[in-house]
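Below are the C-alpha cells for one structure; questions will follow.
Just so it is clear, A, B, C and D label the chains in written order, and each chain counts residues from 1 on its own.
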Amino acid sequence: MILKGEFVPGERLAEIPLAERLGASRTPVRLALGSLEHEGLIEPSPGGGYQMRRFTLREISDAIRVRGLVEGFAARLLAEEGATRPLLRALHDCLSAGDKAVYKARMDLDDYAAYVEMNDTFHRLIMDGCGNAALKRSMESLMGQPFAAPSAMLPMQSSMEEGHQWMQQAHRQHHALVQAIERGQGARAQALGEEHVEIARMNLDYASERPELAANLMPGLKLVGVHPGK
Amino acid sequence: MILKGEFVPGERLAEIPLAERLGASRTPVRLALGSLEHEGLIEPSPGGGYQMRRFTLREISDAIRVRGLVEGFAARLLAEEGATRPLLRALHDCLSAGDKAVYKARMDLDDYAAYVEMNDTFHRLIMDGCGNAALKRSMESLMGQPFAAPSAMLPMQSSMEEGHQWMQQAHRQHHALVQAIERGQGARAQALGEEHVEIARMNLDYASERPELAANLMPGLKLVGVHPGK
Amino acid sequence: MILKGEFVPGERLAEIPLAERLGASRTPVRLALGSLEHEGLIEPSPGGGYQMRRFTLREISDAIRVRGLVEGFAARLLAEEGATRPLLRALHDCLSAGDKAVYKARMDLDDYAAYVEMNDTFHRLIMDGCGNAALKRSMESLMGQPFAAPSAMLPMQSSMEEGHQWMQQAHRQHHALVQAIERGQGARAQALGEEHVEIARMNLDYASERPELAANLMPGLKLVGVHPGK
Amino acid sequence: MILKGEFVPGERLAEIPLAERLGASRTPVRLALGSLEHEGLIEPSPGGGYQMRRFTLREISDAIRVRGLVEGFAARLLAEEGATRPLLRALHDCLSAGDKAVYKARMDLDDYAAYVEMNDTFHRLIMDGCGNAALKRSMESLMGQPFAAPSAMLPMQSSMEEGHQWMQQAHRQHHALVQAIERGQGARAQALGEEHVEIARMNLDYASERPELAANLMPGLKLVGVHPGK
C-alpha cells in the first residue's frame, strides 16, 4: 500500500484510522507500524503516531548500491563454492527467456513483462542459491525499502528512448555473471553484481530529472523529496 | 538477556511468564518477541509461542563474514569519497590507544579492556562516517545476531596462548585500513575489512573445538548447536 | 612484418637472408632477433637460427587477460590518486568521438576507423596518465605480443552480425571507466578494465571457430596453431 | 654485477672497457647492454655508450606494487582454476619451513636464511603454478629491476628491532594465501598478494630514511637517487 504511493511524505499514519480503513484490529496494525519504522519507511510524528518518511534521492541510490554489494557477494560465494547443477540450469533458463525478450528489433509489453519476471527470478535464484543466511536476511531488509528491489527501477526504462538498449546491456551482464559463476571467477562475479546496479542508479537519476513523467509511471516516487540529497 | 546466555537453545519463551519475570505488560513483550523473530534469534515453537533458536557454527561464521563485507564497504566509501579531518583524527586516536594496549611484552586485563573499547570505537567510527544509511541499517541488523559484533570474538583470544599475537595482527590491520582510507585506496580498504574478520572466524573455530573452555568465557556460546553445519 | 602475417609458424628466420631481404647489416638484425625471442615471438630453431613460434589460442587469450589486469590497475591508480584536468578533458574527447562513431543506426568504414583511432588514444591516455613506470613497461612488453593490443581484436567485430552492438557495449564501458576515475572508485575502475577485455577474448574465440573468415581479415592469425590449447 | 652495487648512478658503461673487464668479446656485451636498457636499468649516456640509471624511491616502490598485482593475479588464477595436489603439498611444505623459522622467541642467521629460501620458493611456486605464460613473462621482466624481487627488501628487516615481527606478519599472509587458494577465494587471493608487498614497500621507506645503515646492508641501494620522487 505504501509502496503503491497511496500515502505522501509527511502524511500522518495513526493506529485507529488505519485499522478502520483496513478492517483490522489495532494490535496487528501496531506491530506492522513498528516493523515499518524499523525498516526506515515511516518515522514518529511530532503530533503522535507515525508519518510517512520523505526519501532523498541519495538514500535510494545508496540502498541500490548496497543491493549491488550484497548480490555481488552472493554471486561471488556461488563462484567460489560452486553452484549446483539444478541452479545453473535454472539460471540458463533465465538467460534464454531474457534473450527472447530483449534481442529483437522492438520490445512490446509482453516482452517487457517477460523480462521483469525473468529478472526477478534470476536475482532470487542467486540470493537463494548462496548458502549464507545472514546475507539473505540483509537482502530481505533491503527489499523492504522503496526502489531497492531488482526490478524497481526498470519501469522507467521502457519510456526512455534508449530503454531497450539498457535492458540489452543489463542482460549481457546477466550472461557474464553466470559465466563468472561457472568459471569460479569470484572477483569478477562480485564486480559484475556491483556494476549491474549502476544501470538502476542511472535510471533513478533520469527519473528524478523528469518528475511529471516519473510520477505517472511510478506512483511510489512521490515518496522522494523535492530537495534531493547531494 | 538472550545474548548473556540465560536461555538455552530450544527453551520455550511464552509471553505471560516472560512478562512476569520482567515485570512488564504483555504488549511490549509481544513486540520484542516479534522483533527477535525477525532478526532470527528465536523461532515459533511447535507448542505455541516461541523458542530459542539453535545456531550452527556455519550461521555465525557466515554472519561474521557479512560483517566484514559491510565494514569493508564502509571503509571503501570513506577511501573513495574522502574522510573528514575530525574523523581521521579520531581514527588515529584509536590507533594510538591500540598501540599502547598491544605493543608490550605482556597484556594485562586493563590493556585488554582498553583494546576492546578502542576496537568498538574504531569500527563504529567507520560505519558512522560512511554516508550510506542503508549500509548502516544492514550493520545494525547484523549486530543483533549472536557473535557478529566486532568485539564478540575477542574474549576467547586472551585465553589462547597466541591471543596476544592475534590482537597485534588485528591492530596492524587497523593501521593499514586507516592508511588505505587516507590514500584513497578503496579496493584495498574493502579487502582489509573482509580480511579483518577472518581472525574472528578463526577464533570461532578455535572456541568450538574447546567447548568447556568456551562455555566459561562466553556464556552465549550455549546457543551454538552441538552439530555444527558443514 | 611478423605481425602482418608474412611468416608462418615454424618458418625459419636466419640472420643472413633476413638482413639481405631488409637491406640491413647483420648486427641490427641479430639484436632484433634477440629482442623478439625475449618477447616470445620467435624461438630457437633446431636447425640453428630462429623460427616463428606457433601461438595457441590459450596463450593469446591469457595475454589479453593480463592486459586487462594492467590497464585496470592503471585506471585504478588514476581513480585513487586523481587524474589531471587535461587528462580528463582528453578522455572526454575520446568519449564524444566514440559516441559519434557507434551510436548510429549503421556504422560505415569511416566510423569504424574513427572508433579504432579513438580506442587506441583512450587506452594510451590511461597508461600514460598513471604515474607507475614499471606498469607502463609491463604494458609495452605485452603490446609486442600478437593480438594483445587494445584494438587487435576489433577488426573481427565489423564482420560479425552483432559487431556493432559489441562496440556500443565496449564504448559504454569506456564511459563507466571515466566515471569511475572521476569519482575515485578504484575497485570499480580495476574491475571495468578487466571486464573490458572479455569482449576481445570472446571475439578471439569467435574468430578461431571461423578460420577462413578470420584469415582474410587478420593475416596475423596464421600464427595461431590449429591445435588450440585447452 | 650491477645489482651488487659495483656501479654508481651516472657511471659510464662503454662496450670496450666492459668487455675487457669481463674477458668477453664485444658482441655479447653489446647485446647485454641493449637488454639492460630495455629493462630500464641503464640509459644512453650523453657522451656515447650507456650510463647507470639513478632510481627514485618512487620507481622502486611502484615496481614492488606491480609485483604485488602480478603475484596476486597468479594466486587468484590458482584459486579460480584450482591448484594441483603436488603444488598444494609444496606450498604447505613452505608454510611448515617458514613456521619453524619465524615462530620462535629469537631468530638466528640460519633461521633467517631458511626463511629467505622458503620465501623465494613460495613465490616461485605460485608464479610457475598459474598457467598464464604472459603473466610469467611480466613477472620475469619485473624481477630484473632493482629491489622488485620477493626477497629483495627482506635483508633490512633483520636489522630492524621489529624485523622479526614483520616476518611473522608476512608469513601469516603466506598461510592466508594458501587458504584462499584452497577455498577458491580468488578475490581474497588477489588482495592478499597486493597487501603482501606493502611490507616490502614499508621496509623500503624505512631503509631510505637510514641511508648509512642501508648502504652497508644493501650495496645495491646506491642506485637509489638522493632526491626521492614524491
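The rule is simple: a contact is a pair of C-beta atoms (placed from the backbone, for glycine too) under 8 Å apart; a residue touches a chain by one contact, two chains touch by 3 or more.
It should be emphasised that the depicted structure is a prediction, and the values quoted were computed from it without experimental measurement.
Engineer: Could you work out how many touching-chain steps separate chain A from chain C at minimum?
Structural biologist: Minimum step count, chain A to chain C: 1.
Engineer: Taking mean CA positions as centres, which chain lies farthest from chain A?
Structural biologist: Centroid comparison gives D as the farthest chain from chain A.
Engineer: Using the touch rule from the top, work out which pair, A-D or C-D, shares more C-beta pairs.
Structural biologist: Between A-D and C-D, the larger count of C-beta pairs in contact belongs to C-D.
Engineer: Could you state the distance in Å from the CA-based centre of chain C to that of chain D?
Structural biologist: That gives a centre separation of 28 Å.
Engineer: List the centre-to-centre spacing of chain B and chain D in whole Å, with centres computed as mean CA coordinates.
Structural biologist: So the centre of chain B lies 38 Å away from the centre of chain D.
Engineer: In whole angstrom, how far does the Cα centroid of chain A sit from the Cα centroid of chain D?
Structural biologist: Measuring from centre to centre gives 47 Å for this pair.
Engineer: Among the residues of chain D, which are close enough to touch at least two other chains?
Structural biologist: 187, in rising order.
Engineer: Looking at the complex, which residues from chain C come into contact with chain A?
Structural biologist: 165, 168-169, 172, 176, 187-188, 191-192, 194-195, 198
Engineer: Using the touch definition up top, name the residues of chain D that touch chain C in the complex.
Structural biologist: 27, 30-31, 34-35, 38-40, 58-59, 62-63, 65-66, 69-70, 73, 131-135, 137-138, 141-142, 145, 148
Engineer: Show me the residue ranges of chain A that touch chain D in the complex, using the header's touch definition.
Structural biologist: Residues of chain A touching chain D: 76, 79-82, 183-187, 190.
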